[in-house]
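In the two complexes that follow, subunit A is the common piece, with subunit B as its partner first and subunit C second.
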Partner chain A sequence: MARPSTLSHFATLLRKDLRQEFRTREMLTSMGIYALLVIIVYGAALALTARGIDIANMGGGLLWVLIVFTSLLGLGRSFAHEKEQGCMEGIMLVPLDRSVIFLAKAVSNILFILVVEVIAVPLFYFFFMTGQPVAPTLPAIIAPLLVGTIGMAGIGTILSTITMNTRSKDVLLAVLFIPLIYPLLYACVTATTAAITGTELWTDLFVMPLVLACGYDVVMLLVCWVLYDFVVSA
Partner chain B sequence: MNAVEAKHLSKAFGIRKAVDDVSFELPEGAFLSIFGSNGAGKTTLLRVLSTLARPSDGQAFIYGIDLKEDPDKARECIGMISHASMLYPDLTAEENLLLYAELYGVDDPKARVSQLLDAVGLSHRRLDQVRTFSRGMTQRVSIARALVHDPRVVFLDEPYSGLDPHAVEIFDNLIESVRGDRTFVMVSHDLAKGFGMCTHALVMSRGRVVSFAPKDQLDYDEFARLYRETVGMGVA
Partner chain C sequence: MAKKKLKLPEAGQWPDKLVIPALAVGAVLTTAGFLMAFLYAAPVNGAALDSPKLVGDVMVTHQQLLSQKIFYFHMPVAIVSFIALVFAAYYGIRFLMTREQRFDTCSRVAMEITLLFVIFTMVTGDLWTRFEWGVWWTWEPRLTTYLILMLIVIAYFVLRNAVDDPERRATYASVVSIIALVDVPICFMITRLIPSSIHPVITREGGMAPDMAMTVVIVLVGMLLVAFALYRLRFRQARLDERMQALKDQLED
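Let's turn to the complex of A and B:
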C-alpha cells in the first residue's frame, strides 16, 4: 500500500465534493434561489428610481452585493456534509496533507459559485442593463468576477472551517468574511464598473484594481494554505 | 514491541486537564476496554491516541511511532469506529468505502471494497445511499470503512450507542471475525460487555488512570465494585 500523491488526494476529495453536490444540489439550489430573490428585490428597490439614476455606474456594485451574499450562503453550507456524521474526522484520520482538504474544498466552492454566477449575471444584465448603452469592454467583467470568486472562495473556505463547530456559525462567518474580503471586493467592484461603463481611464480603473485583486488573492490563498493544518487541528 | 503506549500523556483545554498524566502499555493483539463516568476523559484519551487531538504533554506511541513526531505514519496503522459513522449520507456504501480506500492508497480499491462489503453482509446494498440505511447497517459500513486500509490498531468510541440488541449482536460477531492479531482500544459505558470482550481494562476518573491491569489479574466483582466507586466520584 503506497501513500497516494497530494494531487491524487486532491482529485479524490474534489470528486467527492462534486459528486455529493450534483447528487443533492443543496448548495447550488439554495444559492441559485437566493440570487434570484436578490434580483427580485433589486427590481422592487429600483423600480421607481431607475429613470433618474445611471444604472450602469451602479451595476458593478449591485452585481457584487448579489455575488457576496449569495456566496456567503453557499460557503456557510460547504462544511455541512463534513460535520454530519463526523466525516471531517474520518478524513482527518487519513495520512494526508491537511492543506489538500482546504484546496479541494476551495476549488469545489469556486466551481459552485461560478455556476451560480453563470446564471445570475446574465439575469442581472437582462433585468437591469438591457436599456443601457453597451460598452465594448463589457465582456471584460469576466476577469474581476473570476479573480473575486477565487479570493472569496479561498477566504470563505478557511473561515467556514473555523466557524463550522461554533453555535452561531452563520453570523460569525459573515462578521469575519466581509471585513477580510473588503479590499478584494473594493478592487473587484471598481474593475467591474470600469468594464461595464467602458471608462477612458482603463489602466487606473480596471487594470490596477485587477492587479491588486490578484495580489490579494495570492497572499490570502497562501496564508489560508499554510494555516489550514493549524485550523483543523486546533 | 507494544502496539499502543502512553507515557505521562496529558491533554488540557485551557486550565482544565481532560487527560492527566496517563501511562500504560498495550501489547499487540490486546483488547483494551476503557471505563469511566461521563467527563472522565475517555474519549479525549482516544482522540489523542488516534491523532485527532494533539497531546499537551507527554508522549504516545503506536507500534513505536511517536504520534507527535510522525502522526501520518501512525495514521497508516490506525482505524476508528465511533458512534458517528464518518460516512457521507448522500454517497452510496460503495462510494464511501472507495473514497477512503483511494485516500489511503489501498491496492486494487474496488476489490478491497467488494471484499469488505461481503464481510459485513451488505453487498446487496452497495449501490444504496448510506442515508437510507438503518443505524445497525450504517455501523456495519462504518466497520468496513475503519478496516479498509487493514489497520493494526482499531479504536472504538462507544460504538454501541444507538444500536438495538440484534444490531449489537451483529456488531460483536463482526468485531470478533476481524479481530485476528489486531489491537483494539474501546471506550464503553457497558461494564459487562466491555469487560467480557477485553484482555486489559482501564478505569479513568477526572482524567487520571484509577486502574489498569490485564483481565486475568482481575476479579469481575471486585472490578465492578471499583468501577461503581469510580463512577460515583462524578464528573471532573
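Let's turn to the complex of A and C:
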C-alpha cells in the first residue's frame, strides 16, 4: 500500500475537525452566541451615546473587539476536545509531518472564525449602522477581515497548542494572544475603519495597513509553521 | 563520525572573570555619561537656556531643552533591551537545536535582563512623554509596539510559571522567545513606516552633533557592560541553584 501523501494527511485532519464540529456544533454555537452577547453589551455601553456620536468612526474598532474576543473563545476550545478524548496522542502516533497538523488546525480555525464573522458582521450592521448612510466602499472590509482572520487563526493555533498543557489555559491564551496579534489588529482596524467611513482619501488609510498586515501574517505564519513541530512534540 | 562535544555555558567559566571589571567600568561610564549629558553635551542645535528657542518648526522652552537629556539614557537602555531579547531568542534556538536545559537557563536569564531594561525604557520614556509631549501616555506607534513588547516579555514569565514539566516548559518558553523577537524589527521600523508619528527619529532630525553622539555612545557602552555583568551574575546564581537542587535530589534518592 502506498504511503498517504501529505495532502491527504491534511485533508483527513481537516475533515475530522469539520465533521466533529458538524456533529456537535459546539464551537459555532458558543462562538455565535458569544458574539451576539458582545453586541448586546455594546448596546448597553453605547445606549446613551450611540445617536450622538459618529458610529462609523468607531465601527471598525468595535467590530474587531468583537472578532478578537470571539476568536479567543473558539481558539481556546479548538484543542480542548483533542485533549479530553485523547485524540492528540492518536494523531501523534501517525508518522506524518507535524506541520501538517498546524496547517489543518489553522485552516479549520480560519473557517470557524469566518463563519462567525459572516453571522456577526451583518448583525453588527443591523444593530448599529442602519441609521447611517452606507459608504460605497463598505464591501472592501472583506479584505482586512480575511487577512486578520488568517493571522489570528495562525498565531492562535500555535498558542492554543502551547496553553493546552498548562494550568489556567484560557487566561494564559489571552495573555499571550492579545499582545502577539496586536500589530495585526492595529493595521486591520485602521483598514476596516477606512473602508467603513469611505472618505475621499480612504485608499491611503486602507492599502498601507493592509500591506503591513499581510506582511505580518506571512512572517508570523512562517515562524509558527516552523516552530510547531517542537511545540506539539513537547 | 564522532559527535562534537557540546560546549555548555557554566558558572565559573572565563566570562565570570570579567564581571567585576565590566561592572566597575559600566558604573564609571554610565556615571560619566550622566554628567556629560548635563555638562558636556550642548542643548539641541546649540540653543541657549535663557530664552525659548525655535528648534525645527517648534518653539522650545528651556524645560524641554533640559528634559531632552532623558534621551541620553532612554535610547541606550532601549537598544540594550533589544540586544538582550536577541540573546534570549538565540539561546531559545540553541535549546530547540540541542534539547540541553542549560540553554533554557541562559534564555530565561537573558529574558529577565530584557524585562529589566524594558522597564527602564518605559520609565525614562514615560518621563519623556510627560515633559516633552505634555501627556502621560499617548497611543503613538512606537510606544504602542514597545508596550506590547513588554507585555509579551511578561507573558513569557507567566507561561513559564504555568508549566510544571521542565522539558516542556523550556520548549514553550523558547518558542515564545523566538516569536517575541518578531516584534523587535516592528518596533524598530514603525516610526519609519508611519512617518506621522511624533516619536523622534534621529536620522530624520538631521543626525546627532558629535558631542551628543559621544554621550550616547558612552552611556550605551556602559549600559551594555552593566547588562552583561548582571546577566553573568544572575546566570551564576541560577546555575548554582540548579546544581544545589540536583545534589539535594541525589541525596534524597
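Here, the second predicted complex is superposed on the first by the 233 of 234 C-alpha atoms of A that agree within 3 Å, B and C clash if a C-alpha of one lies under 4 Å from a C-alpha of the other, contacts with A are read in each partner's own complex, and residues count from 1 in each chain.
Convention: a residue touches a chain if its C-beta (ideal position, glycine included) is under 8 Å from a C-beta of that chain, and two chains touch if they have at least 3 such contacts.
Just so it is clear, the model here is predicted, and its values are computed rather than measured.
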Partner chain in contact with A:91 - subunit B first, subunit C second, else both or neither: first
Which of subunit B and subunit C A:20 touches, first, second, both or neither: first
Subunit B versus subunit C as contact partner of A:212, first or second or both or neither: second
Partner chain in contact with A:81 - subunit B first, subunit C second, else both or neither: first
Partner chain in contact with A:12 - subunit B first, subunit C second, else both or neither: first
First (subunit B), second (subunit C), both or neither touched by A:57: neither
Which of subunit B and subunit C A:183 touches, first, second, both or neither: second
Complex contact set, residues of subunit B against subunit A: 50-52, 54, 71-73, 75-76, 78-80, 82, 84-91, 95, 99-100, 102-107, 145, 149-150
Contact set on subunit A toward subunit B in their complex: 1-4, 8-9, 12-13, 16, 19-20, 23-24, 81, 84-87, 89-96, 233
Subunit C residues touching subunit A - in the complex, by the definition given at the top: 96, 144-145, 148-149, 151-152, 154-155, 158-159, 162-164, 167-168, 171-172, 174-176, 178-179, 182-183, 186, 193
Subunit C contact footprint on subunit A (complex, rising order): 158, 162-163, 165-168, 172, 175-176, 178-180, 182-183, 186, 212, 216, 219-220, 223-224, 227, 230-231, 234
